[in-house]
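For clarity, chains are labelled A, B, C and D in written order, and residue numbers in each chain start from 1.
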Amino acid sequence: MRDWETSISSTGENAEIRGTELSKVMDMPFSDAIYLLLKGEKPSEKESELFNNILSSCIDHGIGNPSTVASRTVQSGGNAMNTSVAAGILALGNKHGGAIEQCMQLLQSQKTPEKIVKQKIEKLEKIPGLGHKIYKDQDPRTQKILEKADKLGLKKENTEKILDIQEEFAKQKTHLALNVDGAIAGTMSDLGFEPELGKGFFIIARTPGLVAHVREEMDEEDFRRIEGKYREE
Amino acid sequence: MRDWETSISSTGENAEIRGTELSKVMDMPFSDAIYLLLKGEKPSEKESELFNNILSSCIDHGIGNPSTVASRTVQSGGNAMNTSVAAGILALGNKHGGAIEQCMQLLQSQKTPEKIVKQKIEKLEKIPGLGHKIYKDQDPRTQKILEKADKLGLKKENTEKILDIQEEFAKQKTHLALNVDGAIAGTMSDLGFEPELGKGFFIIARTPGLVAHVREEMDEEDFRRIEGKYREE
Amino acid sequence: MRDWETSISSTGENAEIRGTELSKVMDMPFSDAIYLLLKGEKPSEKESELFNNILSSCIDHGIGNPSTVASRTVQSGGNAMNTSVAAGILALGNKHGGAIEQCMQLLQSQKTPEKIVKQKIEKLEKIPGLGHKIYKDQDPRTQKILEKADKLGLKKENTEKILDIQEEFAKQKTHLALNVDGAIAGTMSDLGFEPELGKGFFIIARTPGLVAHVREEMDEEDFRRIEGKYREE
Amino acid sequence: MRDWETSISSTGENAEIRGTELSKVMDMPFSDAIYLLLKGEKPSEKESELFNNILSSCIDHGIGNPSTVASRTVQSGGNAMNTSVAAGILALGNKHGGAIEQCMQLLQSQKTPEKIVKQKIEKLEKIPGLGHKIYKDQDPRTQKILEKADKLGLKKENTEKILDIQEEFAKQKTHLALNVDGAIAGTMSDLGFEPELGKGFFIIARTPGLVAHVREEMDEEDFRRIEGKYREE
């Protein structure tokens, strides 16, 4: 049987998170504790402000997406909170929140915007971070994240690169809006996070939304029981 | 087929979270956005400070607990980040983080500490929130949460009640430490949260830890592949 | 770290399932192997026939139920087969397939049909195994299972008891159809299975259906990609 | 909101599975019902015998593998049967049962054994279906499946191809045992199943084992509660 080891945290009287005493971590804002946990170092005040902005932008987004539907459907089958929230997280696959990681991979690669766009067009593949069903230009969340990064002096090479990719795509093919995944991929890369954490970041940010939806679904079930509106088994 | 409806959030140009524009939510610290999402109102500055303290206290706790083992085991089977994190959340059942909700139920019931302790002793049941394998007195996290609540003027009737239950149990049976679940249950109740959100709160707080462990396990696998230390299938 | 032990099976040259060599288990029909695994003994020929009948009755049941919706929704988020099938199994909570276990608990209790019905009416609770949205009398699956059990001489005290409960409920309140959960609960109890395996049995029987739905959903996604019918993220 | 449609099954008075009345499916052995559900046609008697052999070979395999550990760990956190079984299925990723699908892809590709082996050696990749930690020659399950297929006259081009790949690898590099994944991949391909169902097949076959382990873990927990051997939270 395997012996598990970790460099992330320890328990007991001297419990630590990434080498910082747990008692000190408890005095940090939750978002700073997340940053420390994922990156191994505390954010500066400005990095913290941008990180909060990005996290809060993903916290919930209506009811029609796969993760919310999965969580509420599982809850309607008669389950505990943790079971239903987990089902929603399962739905966060390659096509739901996955563009953040895919875009971070592109941005942190050595390839130039020109080459990235050329290859994607040749392969008939979508460019993660570009395109939106509704918005012709940037969606409001995108714009807000870019403005915040700019204001804080944290809009750096990766965010510039996704904007260059957008421009390059406009030249080679057509104009597409920079979507919120693209803005997050750029700024998270500029904050020094690796692509492998892109999906994990989105999971952390969206879990509160799933908890809220499962809680609402519990009430919904009570209501239907009272009203006699039972679902067909 | 069901038509889903929600009062939690909406999408589109005027996207909102609990009636607050998403663009304003993005300017809130992540912890305040969570508070708003779960409770339907923004925290005061003091409530925010206490809420952060509680969230950060749960963010991770070593590698030997069921949720961490479940996440890392599933990752070792060759899976995506969301699949492995969800497995860890599945492990957060009645016996792992469940004491928060159970203790909140007790505190927010009409029963007196005397009656609660008497009934639990009669039924030979443990009192959620009391008892710890190692610490004879409060564990360090417990103490820190109580001090913070006290300092902020937010230590109210529910926190007093769990302390009364501890005292009453000492009278009727024996002294047991107030554990971190008990401290969280008391302070979360004092902040006005309902018991049904106890487990959800813990899931939100622990998800970053699970993401970090899954990420570390990915590297571990790479290392074993290089070293030729393959697990027996 | 825990050392796992099991009396279910072993690996290696002399691998066994419940004390039977794996090589011999491989010569058994899959349903008999399941029976052996769950019960610790092989079924007689007649028990085997009834067990197959019950298993096959649950294998799939359209697309509108929570487990199918959960599996297909998670698949639509861009996931692997195992992730999507697991989401469907998560949906199989107390209200979806849960009546089998609840009914087995009632049947294997010491309580008489009279007492069971009286208590359920007093508590305003539904009786698991009775009632169906559409069918006024037994649904076709119910009837088929009962006939098979009767023909094989395996309709015994538990199946009689659920029929007595139905009759008693008709006396005390109103006529309700015996549903398929009730027929399964009766016959599985007569085969000697304990209530704790009721949900597990349903999971085993329905998993093939979930696999088929996830596979179909993969094609559906390919179709929508070709047609340009992308889901809104 | 999406309208779900399926060609797999329907509900109601005339419920069907792949166009066969559910009442007739109920008279089929469970394994034949699975075959029908996945492939859209009933197996011949010989196909049925081989299919049972393959299914039963995977039903359980000790306690040290990721799926069993995940299921039992989640159960130890205090969860319902469906939650714990699902966790085990989550563990069945690319590295745990995934070789069946990967090997089926190879066998059903147009590439010759020579080319497959050459490419794998060049890329320093393992060949799915070959190699075993313990057995130098075929493991007992492998041998049994091959013998059964041969006896039934169902050992065809795909099974021959994996044996050719084994031989070719011995020529170009070294002798490796054909493992059970390779034998299943070959025979399942010969039965006409597509690679996309390889993992689904293994999930169906292993789910009974996971149910048995979760059930055993429930007793284990009861035992530890009685003995006072509580796990550290």
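Please note the rule applied: a residue touches a chain if its C-beta (ideal position, glycine included) is under 8 Å from a C-beta of that chain, and two chains touch if they have at least 3 such contacts.
Note that the coordinates shown come from a computational prediction; the quantities given were computed from them, not determined experimentally.
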Between C-D and B-C, more contacting C-beta pairs sit at C-D
Between chain D and chain A, is it the same set of residue numbers doing the touching on each side, over half shared, or a different set?
same
Please compute the C-alpha centroid of chain B, do the same for chain D, then give the distance between them in whole Å.
38
Could you give the separation in Å between the centres of chain B and chain C, each centre being the mean of its C-alpha atoms?
34
Could you please state the distance in Å, as a whole number, between where the Cα atoms of chain C are centred and where those of chain D are centred?
21
Per-residue overlap in chain B, given as positions that touch at least 2 other chains:
1-2, 4, 64, 69, 79-80, 82-83, 86-87, 90-94, 231
Residue numbers of chain B touching chain C in their complex, please.
1, 64, 79-80, 82-83, 90
Spell out the residues on chain A that touch chain B in their complex, using ranges where they run on.
2, 4-13, 15, 17, 22-23, 25-31, 33-34, 37-38, 51-53, 55-57, 59-64, 68-69, 72, 80-83, 85-87, 89-94, 134, 140-141, 144-145, 148, 196-197, 199-201, 203-205, 207-209, 211-216, 218, 231
Residues of chain A that touch chain C when the two form their complex:
1-4, 64-67, 69-70, 73-74, 76-79, 83-84, 86-87, 90-96, 98-99, 133-134, 230-233
